[in-house]
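Working notes for the structure below.
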Amino acid sequence: MTLPKTVFRPPFAVTRASHLVSVVTDIAASRAFYVDTLGLIVSDEDRDTLYLRGIEEGCHHSLVLKAGSAPVCERVGMRVQTEEDLDLAQRHFAGAGLPAQWVEVPFQGRTLHTSDINGTPLELCAQMTTQPRRIMDFDAHHGACPQRIDHFQIFCPNVPAACEFYMAMGFRLSEYIVRDGTDELRMVFLQRKGNPHDIVFAHNSEQRLHHVAYTAPEVHHLMYIADLCGKNGFGRAVERGPGRHFGPGYARYVYLRDPDGHRIELFNNHYQTIDMEDEPIRWELSRLNRLGSWGPGPSASWLNEASAFAGTPHRLRDAS
Amino acid sequence: MTLPKTVFRPPFAVTRASHLVSVVTDIAASRAFYVDTLGLIVSDEDRDTLYLRGIEEGCHHSLVLKAGSAPVCERVGMRVQTEEDLDLAQRHFAGAGLPAQWVEVPFQGRTLHTSDINGTPLELCAQMTTQPRRIMDFDAHHGACPQRIDHFQIFCPNVPAACEFYMAMGFRLSEYIVRDGTDELRMVFLQRKGNPHDIVFAHNSEQRLHHVAYTAPEVHHLMYIADLCGKNGFGRAVERGPGRHFGPGYARYVYLRDPDGHRIELFNNHYQTIDMEDEPIRWELSRLNRLGSWGPGPSASWLNEASAFAGTPHRLRDAS
Amino acid sequence: MTLPKTVFRPPFAVTRASHLVSVVTDIAASRAFYVDTLGLIVSDEDRDTLYLRGIEEGCHHSLVLKAGSAPVCERVGMRVQTEEDLDLAQRHFAGAGLPAQWVEVPFQGRTLHTSDINGTPLELCAQMTTQPRRIMDFDAHHGACPQRIDHFQIFCPNVPAACEFYMAMGFRLSEYIVRDGTDELRMVFLQRKGNPHDIVFAHNSEQRLHHVAYTAPEVHHLMYIADLCGKNGFGRAVERGPGRHFGPGYARYVYLRDPDGHRIELFNNHYQTIDMEDEPIRWELSRLNRLGSWGPGPSASWLNEASAFAGTPHRLRDAS
Amino acid sequence: MTLPKTVFRPPFAVTRASHLVSVVTDIAASRAFYVDTLGLIVSDEDRDTLYLRGIEEGCHHSLVLKAGSAPVCERVGMRVQTEEDLDLAQRHFAGAGLPAQWVEVPFQGRTLHTSDINGTPLELCAQMTTQPRRIMDFDAHHGACPQRIDHFQIFCPNVPAACEFYMAMGFRLSEYIVRDGTDELRMVFLQRKGNPHDIVFAHNSEQRLHHVAYTAPEVHHLMYIADLCGKNGFGRAVERGPGRHFGPGYARYVYLRDPDGHRIELFNNHYQTIDMEDEPIRWELSRLNRLGSWGPGPSASWLNEASAFAGTPHRLRDAS
């Protein structure tokens, strides 16, 4: 297989997965879940919007929840390094015939609304209002102590196109899964910030958001958040894990579903991948667990359900 | 309901769950599981027998594995406080018309072979050969770092009889489960050493050993042993968890099956229950998770499979 | 050396270290320390008294703080098994020519005020009012998540007499320290509940309370409570550790001083010692660290300062 | 104060702290420390050289130990992104009148030997031989489970010059310490890889290496490695901690000294700092602990001793 070539001098500098904008149907229920149970910090809120961040984040928000009638994902947010990179990005997307519109977004610098080649609604900015990092405010730490946003995982009907599109923007492919004995890409792990993933695409018939992931400090936080969910009436929210990926990323994880069914992953380890010689790691679908495995495996809901993007059909895709 | 009364001046002093004697069909496979993966310490071994203990145990063995043709549990071992207690025990069992035979057992003091009212084969002694506690031998700690034997759980067709029998010996009832709205005992947690259980009986049509439990130091050991099992080819051994009992004991657990299907629990927390005013805690079967819960629930295998006792039909009882 | 003989049939059944009654000079400051920072649970309080317990304790209190003018320790509390044991205890102490007075104490059953052979003011009871165990109330867990009282350590001018006195009551000697090459007891670890210590005596020129100890669940709680103390203005309270005893008990510990200078230890591991064949472990003073060691060693304050008992000179004994 | 300006389009792309080359006087003693106790992985070794890496590193080495007569630091290694960056670097250093010599180094691509403005001997390369990441080889994890090299800390007589020099190369200043009420830089934390530091300079009269730092997975690994050092005869190696920096980086740390006195830090947390709006955090020397603190503070040895660089006077600088 000829994978797309790594671009070390990209047209503009994306730096990292930045934030997610999602619509929820009951902002109070979402607050009880994300803030009171999970432990995200409230940066700002009004009747219809919650701006949340992890306990170590100095940027204003990594998760924006807006009240609405249908639980959809509105925007996947990425950061670029400088305002100049933002201008270069605008020209890049416009030049590719994609949307590239300047918009005003509260607490963010100039913001570009665009989409990727498969229609994922993207939002890029170079700056946000800052907030104090709460690293040392131990009294404010609770729940899973989510530290920072790490990555997005997206269902996608055309994974090869996504891979090529993001690698042309300078994303590096850290790991990928192919159908056995073929070069047909089923899942690609793409990164800019030096760990395995900022954005992941998994083959599916529809373009949807599978999950957003935050880091948690230690293994015991993953067990504790499951216990706390169980105790606080969110027991059914614990969809998968705590467990371990014996495959790409190798993360220890727990996957939760919020009151609208949006999925969030908490995980506590990743590896650094920065060097020129780091080649993408190839996995075959049927031998994903070649390293071993334990536990019941993912449920049908985890495999099949995901959040629609705004503008696409709204309901959560159901396994049935 | 009238539960049996607590006996504060018992006929003889049982002190704790002591050891388990089990038959395994491939001693090398068992060694790879219990020693190389789980991290139990070998006190002695010959071609046909393995004497194992936890990393903090100063007694010679808490698990004895004997090579044999069928995977059965041979004896459930209990300790009494003194040699005088052992004599009192012998008279107690004999007086009840139960077996009460003195036997020689390697590395143990005078040993009494008897059985409980439901036929569980018991072995009582007051002393064992001592071994160094390996608490500070950090280089010898690996796997789950199992510290010490804690309790047995036994399938039993007559739970009320078991409850009465053990309470007459001075066991205290810490927690129990009844069929909803009735006083019909389905599960009893009985203890001598001051935490919730030395021996547990759960209603089932046959008398069998469900599991032996060891303590592990911390939550991360429960996740680590699952990962290690997954990596070392024992992934299918991870039958349930890591998870949390939202019911009697409240333990964080992981249940593993050894190469013969014998089950071992590792858990890392219990509470102290010593005081006169500690009343047995009552749970109704259908409201076991009244505190909440999370996770997929126990599998059919965990609910139904258990090791036969020697002398009773030999195969593991299968769910099918 | 002839150590006192273990008494397996004691005159009455002490079961465990139960509670400490201390006088503090500023009850609000003590509350900020013990409740808001350490994480003990308030069972009851009025303007002058705080009744506290650990997160898993079902008894009403394990620490009673009374407002007063001088920071002293008022009583060291022990439990006996039954009301009959309490009567036997009363006769035992009276027969030894020691105080043995019945008193009324809130939230306790009949209570006996007495003292040991060296004048330690003791309080014995068989029952307390019960409170819910907060094991599963995860939202109520914070700070060090102290689980339960474990033991007392006491400065004592006559350690051999203390050892003999408590062993005659059925306490077992788990470990002891002698002056090198002699049989002169410098420190004795005495226990009833089956782990290394309910009460410890260390040689010193005065009879004083060195510390009360609570268990904490895991290593990370020991580090976290140090951080939290540092952040909440109690940084100087962290007197020693987190560290590890390479000697009797082998515990991972952190020692804190409360606003009045009373000392509390949090530790997260001990071993079980129940069996007849468990012989006391002998250590020589100069070879205490024969297992190794690390860290700066105890400070002069830890070695020399301790709380006076009520009725004895009041000030904290100072190293200078 | 006018701090140097952040350079978002640097002359060449340094990516991260890469490796350290040190001279040790007894390679077997160093192996016992770094490999058998700490848990670094051996990538290659011969009689005179040890090539070591962390358990998740895919590059060949992050620590090279060479046998020699005097314990010095030979080279501080940095990575650049591509071979083209390496050529640009060569011109950059040569143009600044600094050494810029191509050398052959085993297991590395083309390597540039140079030095910074204060004489720190540097080694830059774009590629190394790869090795399997041992992330999932749980049986190979032991000791502190060091994951990867993170940063260097260097004593430096001219901190402002170092700050300016590295920022001109595109390093960002994450945090800095000034003498109270002045703009006099005493310590600067400089980074390329998106966390607080790749290289740190602290004011001192001599140019020396203070420590190299590796990440460890969790808090319990920091306590465990101290215990293991204590048990394995390296107790005096535990120079500082486990503790917490209530200042730049906020890390939970333990500092160890190897058999030659070279210092290594293990720490288990840092924060992400990538965004354009992240301003350097200013600390005043006398108010370093404005967030609080606990513990005995750094020893004189930690404050004053450091490894000489090769070519500069050889002995470890002593506090006395």
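When the chains are written out, they are named A, B, C and D in that same order, and each has its own residue count from 1.
Definition applied: a contact is a pair of C-beta atoms (placed from the backbone, for glycine too) under 8 Å apart; a residue touches a chain by one contact, two chains touch by 3 or more.
Bear in mind the structure is a predicted one, so any value in this text is a computation, not a measurement.
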item: Over-half contact-pair match to A-C, picked out of the listed pairs A-D, C-D or B-D; value: B-D
item: Which of B-C and A-B has more C-beta pairs touching across its chains; value: B-C
item: Inter-chain centre distance, subunit A versus subunit B - centres from mean C-alpha coordinates, in Å; value: 44
item: Chain centre separation (subunit B, subunit C; CA means) in Å; value: 32
item: Of all residues in subunit D, the ones touching two or more other chains; value: 136, 218-220, 227, 231-232, 246, 291
item: In the complex with subunit D, residue positions of subunit B that touch it; value: 136-139, 142, 218, 220, 224, 227-228, 231-232
item: Subunit A-facing residues of subunit B, complex; value: 218-220, 222-223, 226-227, 229-233, 235-238, 242-244, 246, 252, 291-296, 299
item: Subunit A partner contacts - residues on subunit D that touch it in the complex; value: 8, 15-16, 56-59, 79, 81-84, 126-128, 130, 133, 135-136, 147-148, 193-194, 217-219, 246, 250, 269, 271-279, 291
